[in-house]
Each structure stands twice: as structure tokens, then as C-alpha cells.
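The two complexes that follow have subunit A in common; it is paired with subunit B in the first and with subunit C in the second.
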Partner chain A sequence: MDNIQSKTLIAKNLTATFTDNCKHLKVLQNINFSVKEKQFVSIIGPSGCGKSTLFRLISGLPTKDTCEIEGEIRIGGMKPETACRNREIGLILQKPTLLEWRTVESNIELPLEIIGYKKEKRREIVKKLLKLLDLTEYAEYRPTKLSGGMQQKVSIGRALAYDPELLLMDEPFGALDEINRRKMDIEILDIWKKTNKTILFITHSIEEAVFLSQKIIVLTKKPSTVHKIINIDLPYPRKKVVDTPKYFKYITETRNTLNEATK
Partner chain B sequence: MKLLSNNKKKNTLLISMISLSTFFLLWELLLTLFPVSETIIIKPSQILKASITDYDIIGRELIYTITEIIPGWFLGNIIGFLSAILLYKRKNISKIFVNSSVILNAIPLIALSAIIGGIMGLGRDSKILIISIISFFPMFIITLQEFTNIQENHLDLMNSYSSSKKDLFKKIVLPKSLPSVMNTLKVGVITAIFTAISSEFFGGYGGIGIFILTKKGLYNLELVWASILYVTLFGSIFYFTLELFQKRFIGWKHT
Partner chain C sequence: MRYLKKHKEKKRKASMKRPRWSFFLVQIRKTLLTILVISLILLIWEYLINKYQIPKRILPKPTDLLEFFKKEFLMKHSLRYKTVLDKSLKSFSDAFIGFTLALLIGSTLGILLSKNKLTYTIFFPFLFLLQLIPVPAFAPVIATMLGYGYTTKILIVVLFTIFPITITVRNTIINIPEDYNNLLYTYGSTKIETFKKLILPSIIPSLLSVMKIVCTASIVATIITELPLSVIGGIGKDIYNSFNNQMIPRVWVSVMIISLISLLFFKTISYLEKYINQTYRYGQYTI
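Presenting the complex of A and B:
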């Protein structure tokens, strides 16, 4: 048993059942995994396998239907709801969900306003983040003027604003084309390195999972459970290793594992 | 890109100016070529002349009607907006209210003028009341619909910040609804003017509606047309002022 302090996220015997209209639908069954501090971990699984339910449970958001949950999730030792209240979780949703009536900088400022920081402090944080994300020249833009990738970058900035321990990303680049997605993948690794955050990344792209993560959690189809955990033992920056046989080996391994899991 | 859209705007303005003036010129020309009795229709030049020479009489009547329109429009809309704020959290009650409002709104409420006139008399206050009632429903229904129709993504986002209900309203619900509220206000101007004049037709102590009725009876068509021109001018100024305000303050989503 590892030291519990070094683990940011633990899911233990997690089972979730939708209890809607007397119909019982088991979505998650006995899920066990952990994410260490400052680790980059991806979750991959067939579509409709309950990735989004898992995402909602970890982030402490209410599930869409009434859901019976067994087992436990701990984030820095806290329940997800408590961790959320303590602002330990930064969410990046599938859609950027930027407020169109606010400029880029004031979108990043939003969570800080809700927490109640003073104006100077907010400005200071936003300025730093804009610089980190290389968005300074777009500070005054309305989000609708930006490309999909840029919008998602702003939403990452917004999640980073209150300095959470854990970043949860639910297929953030799923809507982007191949080229922009790779660009964003490189950027997110860069941000990860600069900010030292723990990242849990949900994706349905095998290549993206291998490119980004240190560890890939492969889920089975419904009721999903952890099929296998693949450790990706490749150095960063990954840009330099994408053409190596080892990289392809990991992709093949992940694909085969996913195929087994879908059976 | 910006230049292009500016040019486009100028073009549409030019085209509408040209077509309007062509329309009036044709009207003038046809009546000059084929004279028609002045008790039926008159020339635009006569209307223009009357509206300049008789500006004081028409102006007085217009101001009387404006003092009905603006308070009525303002009261109806503000009460509609505030009721929506009060009710939007109570989901069941607001659903009932919206449904019954939609039904009530389908009744030609202008007919109430006769009843309200009977109860409150034919003075300004009864006109203000009927304009408020008619302005209330669209504002109430649309604001409530906007308030209750919040994107799930936005809710998730605010939940992830453990935001209070108050912050959710201030940061998301209210700003997202403003463009629709503004559009309703703009459309409401036209409705308010229409209601004021029609309710004056039911009887009253002054105003453009009464003026039109009496001058029509005297076959003084110049003054009838001139008052229509005045009302149109007032309506346009009111509408475009609101539009300017909208562009200036909530320009992110302009319709």
C-alpha cells in the first residue's frame, strides 16, 4: 500500500446503479484505480460505457438520473463534494462553455469573482494565466471570435484560475479536427509541466491517450469496470518519441486491450 | 471584413430610402394625374404641409398620448420582469403561470378597454392600465422562459465552483436573458402605441386616437394623416433609441 498522501485521487470498489422508474441499470461495477500527485492519467473506454457518469461522480456534480452509489472516491482524502467546495477540482467540459457576454479575460475571472477575491488580486491572477497560456493578445476578445481550440484553452485557464489540485477533463478536444487536436495535446502537456497539476483525462482516442498519459485506464463496456491499466513508459516531451517503435507498440497494445474490453 | 459589413449596412439604408421616396413620389404623381376626391385620399405634399403648419395642435395631442404610452409600457414591462424574477425558482407555480398567461395573452385584451373605461372612467389612468396589462404578458412569459431555460453546461460549471443561487442568477441567468428581454421591450413599444390609440377610439378626453376620430368625422384628412405621421415618427425614435441602447450595452448578441 502506497502512502495515501501522495495519491490525489482514489476510486475504491466504485459501483453505480441508475434507479430510474424501478428499472435498475448498473453503469459502473467495482471500479478501482488511483492517480498519484502530478500524474497525467487517461481513461479510455467504448462509447456509452459510463465515462461521463464516472466523470460526474469524481467531480462531485449531481448525476442526471437518480443513482445509487457504492464504494468511495477520495480526492486528497476528501469526498468529491467536499473537494469541490474546497476548490480542489478544476473542470474542463466537452464544450468550452464560455460565457459569450464576457471577454476572454473576464471569462477566466469568473470563478475568482464567485470565490470573492478582490479586484486587484483577480487581475493579477488573470494576467499571469493569460501569459502562461499565451493568450495575452486575445484578452479583450469575445469567445465567439476564437477558434474551438482557443476557446478550450480559455476554459483551461478558467479552471486553473483558482489553483485546484486536480484537473478533470472530459474529452476536451473531441470536437477538434486532427491537426488542432494534436496542437492542443502538445499545449496541454506544456501547461501540465508548467503548473504541476494532477490531470485525469477522459478520451476516446487511443492515440491521444498514449501521446498524453503516463497511465491509461481501460474501461470495459457497460456495466464498466477497469479492464486493464497500461503504464506508458515514455519520456516527455512526447513530440520526440512519436515515431519510435516503442510508441507504436503502446498504441497497438492499447488498441488490442480496448478491443478485448469491448468484447 | 468590417468594412464590408459597413458598406452593406449603408447599402440597405440607401435602398430603403430610395424605395420609400419612390413610393411617395408615385403616390403624389398618380393623384396629380388622376384627381380623386379629397374626402377619400390626399397627396403626400398636403400631409407634409398640414404636419408643419398644424404642428402645435397635433403635438399637443401626441404628448397627451405619449404620457399614456410611456408609463403604461414602463409599468407593464417592469412588473412583468419583476414577477418573472420572483417566480422563476418556483418551478411548478411558474409553469402554471406561464400556461395561463399564454392563454390570457391570446385573448384580444384591447377589448378590455371598454370594461376598464366603464370602471375607471375614460381618463389617462385607465389607458395607462390597459397598456400595462397588454405589455405585461409578453415580458412576463418571455423572461420566465429565458430564466427557466438554462444550459446544463452552465449549471455544471457553476456547480463546480460551488456557486450560490444568487451568483448563478447574477452571472449566468440574468445576462443570458438580457438580449431577449431587450427585444421584447422593443416589440413592446409598437404594441403600446397601438394599444394607446385603439383604446382612445373607445373614448377619452384627449390624445391622438380621439383627434383622428374627430378629424375623420370632419373629413379633415390632412390632419388625420399628419397625426399618423407624428405617431410613426415617435414610434421610430423610441424604437431606435432602445436599439442603440441595446447595441451599446449588450452588443454581444444583437438581433
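Presenting the complex of A and C:
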């Protein structure tokens, strides 16, 4: 029992099949992995391998009727639906999905308003988050006035506002250019360190996965299953180790594993 | 930050070149030009009618209109007499009531239709039928049921304008990106909260733009219904009677006045739309 509780996320024999007009499409097959508390784990796989389906299943959002699920997912011992309703999951999507009619500040405040916190408490939390994200001077800005990276930072702040157990990130920096992406990678590690959250990060980029995570889950192509789990044994901050041979070794290993998985 | 400074610098320079009141100069020039064109048209009109001796009951001259105008507005009438302006305003106020009702009922229907497919499949054919039937032609049918009264008039205005409102509201709600709904779901949002925080702000811009289309339509509907219905007080009825009595200048002036009111109504809503969209930025997302 103890063992289960120290693990925030467990996926056990997870299989998902889409049934549409008597056609069966198996997207996920027998997926097994676990994420420990306060761990940073990345999921990488060929495009169209069902990463987003997996993401949706873990997020606990209502699935379509055509999707048949076997196996189980547990988040802190709860079903994803329960975890979602208990506000244990913070979603950060590919697009920042901010509301333009609210300022940066009140975008971060949105979940707190919905939960029903008092105004002083909301302000206090938002102030702290703005400081953490280094966005204090942009508090009164409209989201479109910010750059893509900063918009994504606001959406991270919004997810952190209600203090969820697990942060789910679905290629959050996919739309950014190389330089900004690296900058955001460094910042997300910083935020992770300061907030002690468990993060599950879906990405397309091998380098990003190695740079960020302690563990990389490599998925095969459809119907996808876990091909290999690579433990990245590099110290943080990663900025200091990017030029070491060990770092390159991990990148090569991940690339080779991904190539095998795609075959 | 550097960019911001540069931007401010640019703005400052631009405002130095052109003084603030230059905006009014442009506006005045525009207005003068419009007045000039209109007076030119009036002059040509007067000249052509004089030249070809067209009788007043077919096409009145601008001076005939002016004469009627003087008689109607500058001379003293009995207290019970209502000028064409009073009657136009009465028609406008009825149109406005119909317009407001159509907005309320139409948006509510749009929200209901967006909720699930079943309500949509049940109610949409009826709504579409409303759009297919020429409502003014349908007016007598309603009149026989509800009588030739005020209720019929308002009901017809509502029927005439409700369809675009409902469809716009429904489509806007359906087109809200799914990600936003998902996010609010993870915040544990109730249906009422989602409506308040996401749906309501999202429909405001499209509602404003459909209001622009519907506002003039509501006036048209009022006038049309006044023609066959004997509801007193409206300008439609007055136009109908004046036409039958060959008081053609009166018809012309009435048409001009109601058009002007229509224009003002439209302009007010346009301005409102521009102001609200620029200030509050409702219904805009970061994509």
C-alpha cells in the first residue's frame, strides 16, 4: 500500500480501442508505467502513436462513447475521473488557451474564482505565482500582447493556481522556436524545482526530453505500447551538463530506441 | 521592454506631426463633401421636375417636400394631432420592443439548441420554417388568431428577426474551442460557472454583430405589419393612408424620417459594437 501511495501515477495493462462503424482501431495496447511523486517524466513516440489519447485518458476528461478502455490508471490511488473532479490534475495544452477578455492576472485567477475563493486569498495566490513565473510587470496585460512563450507561462501559472498533484503537459512548447524553447525548458525546470510537482511531459523532441526528465517513456507506433523506459541519470541543473559526453550518450540512446520503436 | 520604448517613441513622433484636432478637420471635410453632394442632387432633382412638368402626385419636388415639412412641423396643430415624427417614433419604439424581445428569446433558444443534439433536431425545422415563410404574408393568419392589435405587431417583429439571432448564438457556442471547455472541467466548474465565465463572454461579439443586421430589419417588419393591420399610432399606417389620399409629399417625408431613425439606430449599435469589442475583447482567444 505504501508503495502505491508514493507513486503519483500508475498505468496498468492499459488498452484503448476506438470502435467506429464496426471498425476497430486499437490505439493503445498493454501500457504499463508508473511515475513517482515529484518526478519529471517525459513520454516520447512517433507522431500519431496515441500520445494524445493517453493524455486524455490520464487527464480524466470524459471520453467519447466510441472509445473502449481496458486496464486501469490510478492517480494518487484515485481513478482519473475522480482525481480530475478533485482538482488533482493541472492541464497545460499545446496552445496557451487563455481568455483575451481577461488580463494575465485574472486569467491565472480563473480557476480560483470557479473554486470560490475569497478575493483576498485569490489575490495573494496570484501575486505569489506571478512572482514565481517572473510575470509581475505583465499582470495587467492582455494575453495577446505577450509572446508565445510568456503566454504558455501564464497557462502554467493558471494550472498551478489550484495546486494540483500532477501537471500534465502536452507539447507545451511545440510551437516555439529553438531558442525560446530552450529558455522555457530551463524555466519549467526551475518551476518544477520550486513547486515540487509531479510532471508528465509529452514531447516530440528527443533533446527536450533528455534535457528535462529523469525518466523517458518511449512508445511504439500504433497500436502503441511501452517500448522502453530510459532513466536519465544526470544531475540538475541540466544547463551545466549539456556539453558532457554522458548527455550526448543519452540523446543517442533515446534516438536509437525511438528508431527501433518506429520500425 | 526595449521594443515598448521604441513603440512609445514612434507614437510620440507620430502625434507630433499631426495635432490631435486634425481628426476633426478630416471629419468636417467629409461632412462638407456629403452636404455638397446632397445639395447637388436636390438641385438637379428640382430642375428636372420643373423641366419635364412631372405632377406632384407622381414625384414631388424638393420644394414641395419643404413646404409639407413647414406645414407639418412649424404650424400649430390641435393638441391631439400627431406629426409624422411622433408616429415614426412610435413605430420605432414598437420595433425596439420587438427587437429586445427577439434578442432575449432568440439567445435563450440559441443556448438551448446548442446544449444537445436532440433539442436541435426537434426545434430546428420549426425555426427554419419561420425563415422560409414570408412573415409579412403570414401576418393576416396571426391577425385572425390574435386580433388586429399590438400583440400581433410585436409577435410578427419577433418572428421576423429571431432566426438569425438563434442560429448565430448557437453556432458561436458550438465553435468555442473544445480545449477551453476541457480546462474549465478540470477546474471543477459547474454548468452555471462555465456559462458565466466562458459561454456568455464568447457570444457577446457575435450577438452585437447580429444586432446590427436585425435592428433595421425590426423597423422594416414594424412598418410592414402596420400596413395591413389597423394598429393606430404607427408611421406605416400613416404612409398607407397618405398614399391612398394622394398626399405624396407626406409619404416622402415619412419615408425619409423613418429611414433616418433606422440609420441612427444602426449607427448607435455599430458604435456600441466597436466600443465593446475594443474595450473588453470578449470572445477572443489566444490560439
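One rule holds for everything that comes next: the second predicted complex is superposed on the first by the 258 of 263 C-alpha atoms of A that agree within 3 Å, B and C clash if a C-alpha of one lies under 4 Å from a C-alpha of the other, contacts with A are read in each partner's own complex, and residues count from 1 in each chain.
Heads up, the rule we're going with is that a contact is a pair of C-beta atoms (placed from the backbone, for glycine too) under 8 Å apart; a residue touches a chain by one contact, two chains touch by 3 or more.
Not measured: the values here are computed from a predicted model.
After superposition on subunit A, the partners subunit B and subunit C are seen to clash.
Of the two partner chains placed by superposition, A:Ile216 touches none, neither subunit B nor subunit C. Touch criterion not met for A:Val35: it reaches neither subunit B nor subunit C. Within the superposed three-chain model, A:Leu54 lies out of touch with both subunit B and subunit C [touch as defined at top].
Of the two partner chains, both subunit B and subunit C are touched by A:Ile89. Of the two partner chains placed by the overlay, subunit B and subunit C both lie in contact with A:Glu100.
When both complexes are overlaid on chain A, the residue A:Leu110 reaches subunit B and subunit C alike.
When the two complexes are overlaid on their common chain A, residue A:Ile230 makes contact with neither subunit B nor subunit C. In the superposed pair of complexes, A:Arg142 makes contact with subunit B and with subunit C alike. Once the two complexes are overlaid on chain A, the subunit A residues touched by subunit B in the first and by subunit C in the second are 59-62, 84-85, 87, 89-91, 93, 95, 97, 99-101, 110-111, 113-115, 142, 144, 162.
Per the touch definition, subunit C reaches subunit A in the complex via residues 177, 179-180, 182-189, 193, 197-198, 201, 280-287.
Across the complex, subunit B is touched by residues 59-62, 84-85, 87, 89-91, 93, 95, 97, 99-101, 110-111, 113-115, 142, 144, 162 of subunit A.
Put simply, subunit B touches subunit A in their complex at residues 151, 153-154, 156-164, 167, 171-172, 175-176, 178, 250, 252-253.
Remark: subunit A residues 59-62, 84-87, 89-91, 93, 95-101, 110-111, 113-115, 142-144, 151, 162 touch subunit C in the complex.
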